[in-house]
Amino acid sequence: MADVRFFTRSAPQTIQALASLSGAMLADECHADYLIVDVAPLDRAGESEVSFLDNPKYVELFRTSRAGACIVKPKYAGDAPAAMRLLLSDDPYRAYARIAQYFYPYIPLEEGISPNAHIDASAHIGEGCAIAAGVVIGKHVMVGKGCTIGANSVIHDGVTIGDNTRIGALCSISHAQIGERVIIHRGVHIGQDGFGFALAREGHVKVPQLGRVMIGDEVEIGAGTCIDRGTGPDTVIGEGTKIDNLVQIGHNVVIGKHAVIVSQVGIAGSTRIGDGAVLGGQVGLAGHIRIGAGARLAAQSGVIADVPAGASYGGTPAVPIKDWHRQTVTLARLIKPKHHTHFEAVEEAPV
Amino acid sequence: MADVRFFTRSAPQTIQALASLSGAMLADECHADYLIVDVAPLDRAGESEVSFLDNPKYVELFRTSRAGACIVKPKYAGDAPAAMRLLLSDDPYRAYARIAQYFYPYIPLEEGISPNAHIDASAHIGEGCAIAAGVVIGKHVMVGKGCTIGANSVIHDGVTIGDNTRIGALCSISHAQIGERVIIHRGVHIGQDGFGFALAREGHVKVPQLGRVMIGDEVEIGAGTCIDRGTGPDTVIGEGTKIDNLVQIGHNVVIGKHAVIVSQVGIAGSTRIGDGAVLGGQVGLAGHIRIGAGARLAAQSGVIADVPAGASYGGTPAVPIKDWHRQTVTLARLIKPKHHTHFEAVEEAPV
Amino acid sequence: MADVRFFTRSAPQTIQALASLSGAMLADECHADYLIVDVAPLDRAGESEVSFLDNPKYVELFRTSRAGACIVKPKYAGDAPAAMRLLLSDDPYRAYARIAQYFYPYIPLEEGISPNAHIDASAHIGEGCAIAAGVVIGKHVMVGKGCTIGANSVIHDGVTIGDNTRIGALCSISHAQIGERVIIHRGVHIGQDGFGFALAREGHVKVPQLGRVMIGDEVEIGAGTCIDRGTGPDTVIGEGTKIDNLVQIGHNVVIGKHAVIVSQVGIAGSTRIGDGAVLGGQVGLAGHIRIGAGARLAAQSGVIADVPAGASYGGTPAVPIKDWHRQTVTLARLIKPKHHTHFEAVEEAPV
């Protein structure tokens, strides 16, 4: 089980209750009242723990697991050990996530405003908030109900934060409107000036950045990520989008709903990313391009032109992923004596 | 107009005054007293707003814009709608920047030292500074006149900061001399140890880092950027250089004047970058190389050798940009059946 | 010598004493009592300073150096100027590091707990610690003896920190066990949730992250680096490993001992890195792969499969470094008219 110094586990629960809260179906109603006390991986779960099988390559592990219960797709039910109680689901990982959320719910900071927080008299803090020591909140800030703001974070003048949003320690937020149930991890900086200059040899002139950052509901933003405010238009992060650590999002970028942005991605100004797009780690996007809905970009790719909806791209400059793989294979072949092609024979001959 | 919760607009101004402050020329003196109240983009500007035309691809938008006034190059004057008042400039974006700065000047924090700042008695704070809550200032720190230091920032012992410099929230600065009118955004870390070790299998030995960080006047440094101090020589950022977010600058790096370093660039130790060089996003530079004045490096390029002054390079390892483009095209051609070349016919034949 | 505003030098020392503390051997016992006051580079060192020769390309500089003493490999002893006193060592840089550490030892913050730190009553702070202003320490935190915690850092509930560990300003640490003599620079975030979601078009479900971060003794972690906690297993950084600035380490990553991770590297979840591996700047590693002990990855490479122990890889996707160099050369040749090959002749012929 999880280290008790850091995690607090909820009370045991019947399989039936876990089935309900996770949307899974109990394979055998006889087990409805069986008590489960924790979640655990297949190879470590015991009699009173629930596990899950998601990746087919773990079917062997599943067959010999001692888990008291397991969430599986119906088609693997026949592979289960005789003693195992089954929760059937078309998406076992999702069901597992719900059950793990039950056993290990988010534990908010203790409700209340620290006497060591510095809050402007004109700010409004909703009911049930936890505001930690060292937090600085500026003028006319509006914080919704049930929010958490971690130690030493700074919320600048005029920012609004929706209900049940959690902000980690050491964040700064300005020029922004934050939705509900948003999770902002530590060290995130939102709303600073975008990188806007009228460039000239004799000295670059700073262009005032007059827009905002609009963050939709249920967005999650990883540690150390920076999101610049717009130049006049806004920078927008759509509902449910998940952003990893150390990501850079430039001014006027518009990201749709439920996109996934892996760590260290950089998105240059005014680029638009469609709903559900997935950007691998360290991807770089040029400014003023469009990534279609559901597009997938391989890690480290460098994208300098539009990518169609649903397409998979890779490489720098990025091309359709199959082409990238073929380029890679072609290059590898060009240099390999063991794949001695006609071309290479020619190449190496005296010219 | 900009969101009043975050921005405060200056008073309306005559076109004549805007011409003066921006270095533009009024096309028709009859309009000298016309009042402008705000800046706005071509497609949204109204009667009392001033816009600009910089990019030729927006000439159509310009022709139908309802902007009361517009800054344009003289050659586009003929394309203006009849009712539009014109400000002529050879660099409309620069003139626009000046006018936008007039309407939306930087609003400093309220002057004064927060009672919740922790300032060593030996530190000197100049007149007219604003020092926010939670700021920690060490021994013998010298802060010039008119500076701003954002909430929870930490200025370590001995640092000097020139007049009218602004430091955002949550920064840390040590072992550094900061110029005048410098802008340091939130979460910037300046002066920590460089990554210096005598490497050995049985344990790496830390090499004391005995230099400083010297930041010239009017430098701007983006959120989350890290600048390590020198090993004995200093790390130097030249006057007027603009650095974006999440950039890494290693020990002993020397950057010239008016360079532009886009986000997530990494510069390894002891590399030198000439005046006015432009580094695209996510560029990586090896240590101990020289990038000539005015050189341009394409985003994501990886540079492992010197780049001549004025040259444009791209790719990893970086080559002259034209070569990189040709490599890209060549690779693309090698794999495309539709460009079925002799080579490919041979390649695909049984060998 | 180093700027006295930032550095404090220890008392002069005899060559004999410096030889002892650095493991070097005095070439001529007659010099044993000669006093050295500082370290300096070959070209700037004077009569009372000690320098070192490590890189053969500086032999010329060594021959004409005025350094009072110098650490060199025995084979270069014959190249020394007549007046120079020699300290012989097989690893002069390592010996220099030890001597520089003597002259410029780490100066801890003044011992004591700032009255402006906010420490939960249940936390335990060891003897001889320095806890700066604005530090926030949660419940049941255990801080060992002789630790330093920089201004405005946040240590969350239950964290343990070993003896003589130094934590810079503006760090946040949760769900972690930190070893002894660890150095954590400013702005580091350790222990936040990994990027774990059950992905789905209609909304991603957050998967509770139930593991910890375990940091071994003598690890060093650079400014702005983020280390996510494990999902159930732990994220582990082995003893003596050195991590540079702005690195991203995902959940369940396990790094061995004495590895070197240069700045802006990104390591995706569950990847394992062997002892002594060296990762160049901006390297990206896919999840669930293994990098063998002593492997070396060139800067910016993108690694998507296992790398054997001791191997050197480069490129994206990474291949053995010799293959990568050959690919680079081959590509360069393909586009160069001056290296006009048979292939290109064919390629450019009408098809």
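First chain written, first letter: the chains are A, B and C, and each begins at residue 1.
Operating definition for what follows: contacts are C-beta pairs under 8 Å (C-beta built on N, C-alpha and C of every residue); 3 or more make two chains touch, one makes a residue touch a chain.
Keep in mind that this is a model prediction, so the values were computed, not measured.
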item	value
Chain contact graph, described as a line, ring, star, complete graph or other shape	complete
Shared interface numbering between subunit C and subunit B [over half = same, under half = different]	different
CA centroid of subunit B to CA centroid of subunit C, Å	28
Junction residues of subunit A, two or more chains touched	134, 152, 170, 187, 224, 246, 264, 282, 316, 331, 343
Interfacial residue positions of subunit C with respect to subunit B in the complex	2-3, 5-7, 39-41, 91, 93-94, 96-98, 100-101, 103-104, 114, 116, 132-134, 150-152, 168-170, 183, 185-187, 218, 220, 222-224, 240, 242, 244-246, 258, 260, 262-264, 276, 281-282, 299-300, 315-316, 328, 331-332, 334-336, 343, 346-347, 349, 351
Touching residues on subunit A, where the partner in the complex is subunit B	118, 134, 136, 140, 152, 154, 156-158, 170, 172, 174-175, 187, 189, 192-193, 195, 197-208, 210-212, 224, 226, 228, 232, 246, 248, 250, 264, 266, 268, 282, 284, 286, 302, 304, 316-317, 319, 323, 326-327, 330-331, 340-343
